[in-house]
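These notes are about the structure you will find just below.
Chains here go by letter, A, B, C and D, matching the order in which they are written, and residues are numbered from 1 within each.
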Amino acid sequence: MAIVRGLAGNDRDTSRLEAFSDGVIAIAITLLILEVRVPHVNEGELDGQSLWSALGDLWPSYLGYGLSFAVIGIMWANHHAIFKHIVRTTHYLVLLNLLLLFMIAFIPFPTALLAEYLTHDNERTAVIVYAAWILATALVYNGLWRYVRTAGLIDPETDHTAVATINRRFNMGPAGYLIALIAAIIWPPAGLALQAILALLYVLPENSKL
Amino acid sequence: MAIVRGLAGNDRDTSRLEAFSDGVIAIAITLLILEVRVPHVNEGELDGQSLWSALGDLWPSYLGYGLSFAVIGIMWANHHAIFKHIVRTTHYLVLLNLLLLFMIAFIPFPTALLAEYLTHDNERTAVIVYAAWILATALVYNGLWRYVRTAGLIDPETDHTAVATINRRFNMGPAGYLIALIAAIIWPPAGLALQAILALLYVLPENSKL
Amino acid sequence: MAIVRGLAGNDRDTSRLEAFSDGVIAIAITLLILEVRVPHVNEGELDGQSLWSALGDLWPSYLGYGLSFAVIGIMWANHHAIFKHIVRTTHYLVLLNLLLLFMIAFIPFPTALLAEYLTHDNERTAVIVYAAWILATALVYNGLWRYVRTAGLIDPETDHTAVATINRRFNMGPAGYLIALIAAIIWPPAGLALQAILALLYVLPENSKL
Amino acid sequence: MAIVRGLAGNDRDTSRLEAFSDGVIAIAITLLILEVRVPHVNEGELDGQSLWSALGDLWPSYLGYGLSFAVIGIMWANHHAIFKHIVRTTHYLVLLNLLLLFMIAFIPFPTALLAEYLTHDNERTAVIVYAAWILATALVYNGLWRYVRTAGLIDPETDHTAVATINRRFNMGPAGYLIALIAAIIWPPAGLALQAILALLYVLPENSKL
């Protein structure tokens, strides 16, 4: 049974969809480093500053890299968790997955915005754009998962508790990101702190009640 | 039967061709974000402008990202649709596939051109170059599909309606892109609108008459 | 037999080596487009020039993209042709393959050099560096293939003519690239023309006498 | 037995984890070339210099590319060596692997720092940051390997000497990188030389006593 499933036409479909998604997500997550730029301490406004201090001043870039790496990394892990239960693809699954990749591949832009404007006048705008994009991505992700369940693409042999765990996490996601967005509007640092906490929650064991 | 096909030498050929193509297409689609550049509102000509307004002014970049993501994404989906029916590779299939990847991997350049010149004096030139390149890519794609059919590389067990669907879509593609190119020459915004409409047509179910 | 080979530990080794190599080669070939930069016709030295003429002036960038895409694409096809006959990996095969990927991943740099200096004073230097790097890469590739044969890593069931074809092509490669390097020293355009001819030779059918 | 393992659910888990890791590591290693920038000999401070001499002056960039390519390449080979013995994944393995990829994907930044500041006033700072990051990455790697062993994720049929070899190498790594960091603090060139020597040690055969 396992052998047949492993090689049937439909499974070959999902494995190529997974491979392409892995590629896009892996590239998006690795491109984040291109936004952490080496400081030039002997030129222009940084002249006379020590390299240590200039490296310290880059903390918004490190924060952006770390936060978005965690966000995209968790999205990859969720993709992996969902697709291992999907037995076949449909035209709309391919389209919804492309839409999801569209959202994820864009994340380096709000991340760069965050790194550029944190601690500057326009910090609030940058944090709101970041939080709103992550929320929108989470909503697209939820739409994909909802479609997968209603279209009957889940392996009938899948353990019910596995699906329930994904459901619980997917229900929590947008709610958490919405609160982070509201916090960002009120006080940007709180919005960012909530994003970090949401990422850290993922570290909890899978069978935790959260 | 399925098992043997899954592991035979020829199938290993196509799976590595697919993996390499997935890699190139995934990278080309993800590199598009590098052309959406963070605005610098406290320097040079943007000084004094709000970040919200500067972000709004980036709409040609968002349009380029969105349109090319859709175009390349559909090309990937078509690659996937074609290759699942191909049972073996030949020297010329490898070459034609490399030519196709050459065309696709170049798309970030006309996209950047579009984002740079939309709403500027040279808008027409940029839209024509974009439309012409997409048309040329569609023609190469058709050549590859024509070769696959005439060289007998399609799995003999493939459903005839599946091949007919691909044929119909591949016949429509260059015609549509040619009309979009002509429109771009006459009035650039119409050319772009047609590109967007062609991408949206793909959302129609596979068994639609289009 | 085919089934067992397909899943045995050693084969899993070569398939992950292939996947990693596919990734690096796919990225190197796709990064080439980042060196084709959009011209800015309303600023600095290009002010007043039409966009068409500025796009025409980019021909050294297009040439670099096209030539290196062909060179790297053929290297990928050769990698594919070699590895499908390799039944197991060794520590030294992993190392030699890493050295080969080191050579290939560097190719975007001499390509950018070529695009920058073609038709300028330092054209000869740029073409020599390009030709020398391609020659060095071909030599590393030959070393890898020589190692594969002498270490007995080739599937004993492999057709002798397949190995002979690879041998003939691998013997021809460095000789051709050496002539291209010498030509580049004498007259740079001739060196480039030879590189293009060597790439085009690959289009010949596999059973041709070349 | 081999067949069942090859297609069971757990093995599918590790293979997707491997594929994503291959993607991130392949991209990080290939992005290194973006930091080797073409010199502009007819502009600014390089005016009048020959291209050969300008290319020679780029040696810190070549050194950074070569050293980090070796470091990341060896990390990939180790990943490959470890994961072929892992039979299933857990939530924490996925998290630890993401943390490892976070460390590896960041390496292009200290590499660019090294290329920028070598032979300049701030050389010591750049070499210390580089050495410290590689040490931290090695420690995360050791943590992952320690977790894999204690959580019982290793295939029980794995040869004990294979595990012992990985243990010996993983014990040596952080010690070597710590010495390289201390050397970098005392005399930066010695720190870099030690990094190069550690990379070269890897060339020794797997059954050597080192």
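We take it that a residue touches a chain if its C-beta (ideal position, glycine included) is under 8 Å from a C-beta of that chain, and two chains touch if they have at least 3 such contacts.
As the structure is a computational prediction, the values presented were derived from the model and not from experiment.
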* Could you say what rotation angle superposes chain C on its sequence twin chain D, using C-alpha positions and rounding to the nearest 5°? => 90
* To do: Name the chain whose C-alpha centroid is most distant from the C-alpha centroid of chain B.
  => D
* To do: Compare the two sides of the chain B and chain C interface and say whether they are made mostly of the same residue numbers, over half shared, or of different ones.
  => different
* Provide the C-alpha centroid distance between chain A and chain D, rounded to the nearest whole angstrom. => 25
* Asked: Counting in whole Å, what is the centre-to-centre distance of chain A and chain C, each centre being its mean C-alpha position?
  -> 35
* Structure fact -> Among chain B residues, those touching two or more other chains are 3, 6-7, 19, 23, 27, 31, 34
* Asked: For chain A, which residues count as touching chain B in their complex?
  -> 3-4, 6-9, 12-13, 16-17, 19-20, 23-24, 27-28, 31, 34, 91, 94-95, 98, 101-102, 105-106, 108-109, 112-113, 116-117, 120-122, 125-126, 129
* To do: Provide the residue numbers of chain C that touch chain B in the complex, in ascending order.
  => 2-3, 5-7, 18-19, 22-23, 25-27, 29-34, 36, 38, 40-42, 50-52, 55, 65-66, 69-70, 73, 76-77, 80, 84, 202-203, 205-206
